[in-house]
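For clarity, chains are labelled A, B, C, D and E in written order, and residue numbers in each chain start from 1.
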Amino acid sequence: MQKLRYHEPGTAPATLIVPPEQVGQKPVIKLIEYDAHSIEEREAQNVEDVFECLDNKKVSWIDVSGLGDVEVLRKLGRHFRVHPLALEDVLTIGQRPKVDEYDDQLFILLQMAYNDETGRLVFEQVSLLLGKEYVITFQEIPGDDVFDPVRKRLREGCGNARFMRSDYLAYALIDAVTDHFFPIVESLGEAIEEMQETVFDQPAPEKLRDVHELRKALFLLRRSVWPTRDILARLWRDETGLITDRTKPFIRDCYDNAIYVIDLLESYRDAVRNIMDLYLSSVSIRTNEVMRVLTLIACIFSPLTFVVGIYGMNFERMPELHWKYGYIAVWLVMIAITVVMLVYFKRKKWL
Amino acid sequence: MQKLRYHEPGTAPATLIVPPEQVGQKPVIKLIEYDAHSIEEREAQNVEDVFECLDNKKVSWIDVSGLGDVEVLRKLGRHFRVHPLALEDVLTIGQRPKVDEYDDQLFILLQMAYNDETGRLVFEQVSLLLGKEYVITFQEIPGDDVFDPVRKRLREGCGNARFMRSDYLAYALIDAVTDHFFPIVESLGEAIEEMQETVFDQPAPEKLRDVHELRKALFLLRRSVWPTRDILARLWRDETGLITDRTKPFIRDCYDNAIYVIDLLESYRDAVRNIMDLYLSSVSIRTNEVMRVLTLIACIFSPLTFVVGIYGMNFERMPELHWKYGYIAVWLVMIAITVVMLVYFKRKKWL
Amino acid sequence: MQKLRYHEPGTAPATLIVPPEQVGQKPVIKLIEYDAHSIEEREAQNVEDVFECLDNKKVSWIDVSGLGDVEVLRKLGRHFRVHPLALEDVLTIGQRPKVDEYDDQLFILLQMAYNDETGRLVFEQVSLLLGKEYVITFQEIPGDDVFDPVRKRLREGCGNARFMRSDYLAYALIDAVTDHFFPIVESLGEAIEEMQETVFDQPAPEKLRDVHELRKALFLLRRSVWPTRDILARLWRDETGLITDRTKPFIRDCYDNAIYVIDLLESYRDAVRNIMDLYLSSVSIRTNEVMRVLTLIACIFSPLTFVVGIYGMNFERMPELHWKYGYIAVWLVMIAITVVMLVYFKRKKWL
Amino acid sequence: MQKLRYHEPGTAPATLIVPPEQVGQKPVIKLIEYDAHSIEEREAQNVEDVFECLDNKKVSWIDVSGLGDVEVLRKLGRHFRVHPLALEDVLTIGQRPKVDEYDDQLFILLQMAYNDETGRLVFEQVSLLLGKEYVITFQEIPGDDVFDPVRKRLREGCGNARFMRSDYLAYALIDAVTDHFFPIVESLGEAIEEMQETVFDQPAPEKLRDVHELRKALFLLRRSVWPTRDILARLWRDETGLITDRTKPFIRDCYDNAIYVIDLLESYRDAVRNIMDLYLSSVSIRTNEVMRVLTLIACIFSPLTFVVGIYGMNFERMPELHWKYGYIAVWLVMIAITVVMLVYFKRKKWL
Amino acid sequence: MQKLRYHEPGTAPATLIVPPEQVGQKPVIKLIEYDAHSIEEREAQNVEDVFECLDNKKVSWIDVSGLGDVEVLRKLGRHFRVHPLALEDVLTIGQRPKVDEYDDQLFILLQMAYNDETGRLVFEQVSLLLGKEYVITFQEIPGDDVFDPVRKRLREGCGNARFMRSDYLAYALIDAVTDHFFPIVESLGEAIEEMQETVFDQPAPEKLRDVHELRKALFLLRRSVWPTRDILARLWRDETGLITDRTKPFIRDCYDNAIYVIDLLESYRDAVRNIMDLYLSSVSIRTNEVMRVLTLIACIFSPLTFVVGIYGMNFERMPELHWKYGYIAVWLVMIAITVVMLVYFKRKKWL
């Protein structure tokens, strides 16, 4: 379960508060400006260094990595006329993916999923502000840069990357984020595959725990992928004019990927539910089996023990005790009882 | 389960009846008038004292705390031309959150959730009447004032609060109410977290009771949050003109919060269902385990007891009793039986 | 389960057949004509007596109580130009609530729910024909008059009742019918409350039966309330012009009530499902508990009985029998076994 | 489960193949022509005999009973310009009810449900082609004529039947088919009623089998009624002009019937699910009960048997054996054990 | 579970990568050109050989079987102006069926289902590019040609095949693919039928495994059929003008087939769920039965064994042992106990 983050009830809207674990950390600001012919890359020391990027015809991409400095956001916000609520969203970690339309900007908030070193599923919030000629990205965690492949493609100028405008760049960045769903879905699929193999083995609570963990991971992932799909659908049908028709098929492709992931997650959910059902069913079949053995034993030995008990009594007058073949007769009786019981069980198909 | 409140079948519509527990309690009426430059605050002794507020260009906010006096409502209603059905709604405690459009007013009814001193989830009904230049609020419970933070922000003139008109005030008030969902959702999340830890422990009905309580709380909360979301969606897409475009992004933000809370509640519901499932599964696995031990014991000792029973019989002619190594032979037979049984159980993986 | 009523397959449509239990019973016909200034009330001997009511400007309300006379309906139908299918609907008891639009009439069919003397949930079909200047109502069961409170309000001229036209009258009548859902929902809520208290008690099939009865009642009620909601939604958005804008807020209010009832029913359904789940869970926990006791007893006494069985054997040479402390040694062995078992159970947390 | 019928993969569309069980059977062709004044009825030997029916102003109804002759269909198809896919649909038994729009025809395919002599639920496919002045019907099974009541009403000229045109005839025929759902739903309802009575009796697998059969019947019926409802909804909102406004209220009435049947089926489904739940619950309650008895017996007799075992031992020195009141003391001990056990069980509420 | 295929996160969009198992395999390219009068068929050695087909008025169908050569796709793509994302889709095996609109082309991707030699359900991806005068098809697996029946119909000129244009050809090809669902659905239906017969037999985990396999197959099939239905619905309502009105009824027919298959799959899903339920229920009924036998035995023999134990005690003074009829009295007591127990069980209906 993720930590719930919220402002104190009564806090004024659009209050900017740095996430507690990042307080004091200086964000890394990178600027890329490019058009079809040239590309320029720079790491800015101060946020003001990137402000002139609006003055040329190139596409500008400002990447802010780390959310530790409210001032940077405020200045960026003022210069690029970002709505204060969008800035607040950038800082509020753990939100639901969404796209918000502002006057001439689209604000897109995503959750990137990945497995951390311990194999646990974690999320990193990535926000994206798409304007006419620029894209501003905000990454929650400084250091580990999810956008590197895009940067590389831009530098090498391969594919469409450099010929197209800021909307295609935004697409490429979104695509880079959503691509991370695939390896996770794959690892979940393998875990399920494995569980299906062992589901009929001896019941043990640890298995339940594993299924439970899987279920939680699936749930978290779903909560992130579903709204991502909605975002992509909305971008595809964009009517603000910020997304050009040339970019839309690519967004549709990304949307198809999201649908595919959702489809797989649904099938995994079904599979996990089935595993749980199978597991419980196999528990009750095993209980039934154990009960049958117990009953068999009880049915055979209860009468026998009773019989031998009878002749262990110390009555003075028990004629059978003095018969010549008494002992053998008792044995015969007991064998007969056993045979009858076994036949009965055979009939009932309990054997 | 909340108490159901309704008028006797056949009662005329729009009949104003004070909630029984508030009969005779005088409501507290507060008036705030403000514009960008000034703010004036007053506690009114009589409801008529606030009527002149309509005569200036300032935004007026009339807050009625406590529902004990029908006359106050009637007079307010007449002066501000409130529809009688809206007044009736104000007085009928425990309603579903809703927004009703009247000629040039929006009537908004909310349920504020909070944990009372004993930790139980309770609701307070808060109604809100938004007109062109005024907002009238009605709080169910006098004394404890949920709107204090808004009052404070108005006084201090921080943020947008004073620059904007009555619709933004309405937003701020709604936001103050809906913000209260977060701490409750958080405490529910923690309770669930805790339950997940103890779910594989020894089964006990008390745990079921806890899960049941949690489930009820989730359900009550859902019933309150879902309609709140609908209200916010409708305000966002408002077409009466009472909500200005400048306020709408803030309402969308509030709507996003509601969606987020709903999302969390759904995930908690799923988690509680899983806990219940896990708990029951662990009960049947434990039963299976107990059964295996029982069967093991029965399978080993039934034949042994039978054997020793045989040689406890008092037949005159039982040759074995007189054999030299009879006693030892019996021991060997019994050890053999035990070994066979253990091997059988090992094979069946019951051991 | 309600009795299913239908015409023989192949019957011509719009065939009027009196419900079998009412054959020969003469319906009671009451006429009220009113406007803002005056009201006139009359019980008609023959249906023709009410026909002149169309000739004045007053609102006329004709109430037919009892469905025993096809001729009455036919004549009414001819005079007021009622569609034959509407007349057929009036006579076919047990239908789904619905609203049908005819040329200049709205035909509304409702099911009024109430508990009969034995506490069982029963339904009475009430139909309503709304024309420009008149309302005709048909009640299934003569005698017990659900519309009395409306009649009283009309007579006393209190509220809006007399100032408004036939559509408001129709609303008031519908409201009188739907108000009857509340006391029933309340009694169901109390029954559920009570069940939740006793759910962890000793399992017994009678409890299941109670839950089952409750479930059935909830289901029947739902089947009646849901379509009522749809009717109200449709009347609210009426485009025939038969419902005036002044009446619509009242209908919306009634609609809100229906939503509220539905909301409660859903929460009760959920609660009943939970009770069922809890009950079954508590059964399996109890079974587990019983099993643990059984196994404990078996594990302790099986070895003990075996031990005492050994020294009950009659072998000639059993050295232990002649030892001085043999008997005490056996006791010590048996105490040791018991202690070991108890420790084992303690470890397994079965004790 | 119904037999699945399909053409070999790769077969050309609109291939006409006679259902195997009807090969070689000559269909019966009946023609009725009528207007408000006259009616003419005829059984045609050759399909060509009915072709002239288009030349007059009367409404023509051609009924083809039996699907054994492809030539008849081909000729009809050519003369009345029926789309080849519609003809293929007529011949493909077991399809989902549907309505297809062709240029100036509506093709309606229905499944009529009835119980065969053995009480099993079976379906007969009935197709209907509605043109401007004619209706052509195709019945799967020759002989048993579902349309007889309509024929009779036409002959007798009762009701609206003869005054109205082909669309009303089509309605009357559809109504005749859908009316057959009612008796079946009634018999299912009675079966459920009966099951609810016996659900708390001794568990037996046969009961499960009955519930299972009922479930299957409900499912099959649903699969037939739901699309029928859709057909009626579509006819009601018809925009081809083939259905006149005068006929539409009748279709709506038929639609209401379908809704009513669906409503009942849903409630039955719910009831069957409840019965299943109750049955399983009562099984586990009974198991719990049996377990309690078993445990009670074991708890009382295990210690007693142990005690008597002790004094059956043959140690030389067992002082108790020689005590004067030893025997009586043992009895007292055993009575004490029994009492303690009973009190314990009483406390645990297992008695 | 199918293998998940995806590109490395960060890969540029529209990157063409040959599926690993096909690397180096040369695809087979077949060209058919036809109009109503003539048909020409050719196997092309180089992809360039088919390029002239655009120059005449005939309908051209290019079939590429096997995906081993990226160059072929690139050249085709350039000549026919295929969007790079469509080409990427052709190569990415295992995708969700979909239809994408490009400027003057429709790209349709399908999954053909069939059972392989071992009876396992497998899928083959088939893509289809529909242009004004041409259709290009891509089959995943070279060799086994699913389109042979269509080819044959074209050659023979039977039906509509040759008179109609490329859209009808596309329909025929889609129909050829979707027809393969029927035999699989049929085999699944038979497997379910069989399972229903054996569900009340002795419980065994293998049966669970079979149900599980079936469930998986149903799930995979659903995932393929549902989007196929959506594709057909979209083609039916096509607004690009690529699908003519004459072809649309055929597509609707194909759509009806898809609906029918979905309908069956849903009913199978329901049936499988029922089988699972029944199976588990029969397990618990059997456990209950076994328990009853066990309890019966325990209840009868525990007291008896106790009684005989008493008289096996070696107390010096046990008066009963010396009574003349002591032994017979004990027998009578034991018979009495047995009778009482049996009567008790009879009463409880456990016998």
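A few comments on the model shown:
The rule is simple: contacts are C-beta pairs under 8 Å (C-beta built on N, C-alpha and C of every residue); 3 or more make two chains touch, one makes a residue touch a chain.
Computed from a predicted model, the values in this text were never measured in an experiment.
Between chain A and chain D, the least number of touching-chain steps is 2. Chains that touch both chain D and chain E: there are none. Common neighbours of chain B and chain D, listed by label, are C.
Of all residue numbers that take part in the contact between chain A and chain B, under half occur on both sides, making this a different-residue interface. Distance between chain centres (mean CA atoms), chain A to chain E: 26 Å. As a whole-number value, the distance joining the C-alpha centres of chain C and chain E reads 41 Å.
Chain contacts: chain B has residues 284, 287, 291, 294, 298, 302, 305, 309, 312-314, 318 touching two or more partner chains. Within the complex formed with chain E, the chain D residues making contact are 1, 4, 6-14, 83, 85, 88-89, 95-96, 98, 100, 102, 202-205, 208-209, 212, 215-216, 219, 223, 276, 279-280, 283-284, 286-287, 290-291, 293-294, 297-298, 300-302, 304-305, 308-309, 311-314, 318, 320-322, 324, 326-327, 330. Against chain E, in their complex, chain A makes its touches with residues 148-150, 153, 158-161, 172, 175-176, 179-180, 182-183, 185-186, 189, 192-193, 196, 200, 249-250, 252-253, 256-257, 259-260, 263-264, 267, 270-271, 274, 277-278, 281-282, 284-285, 287-288, 291-292, 294-295, 298-299, 302-303, 305-306, 309-310, 312-318, 349-350.
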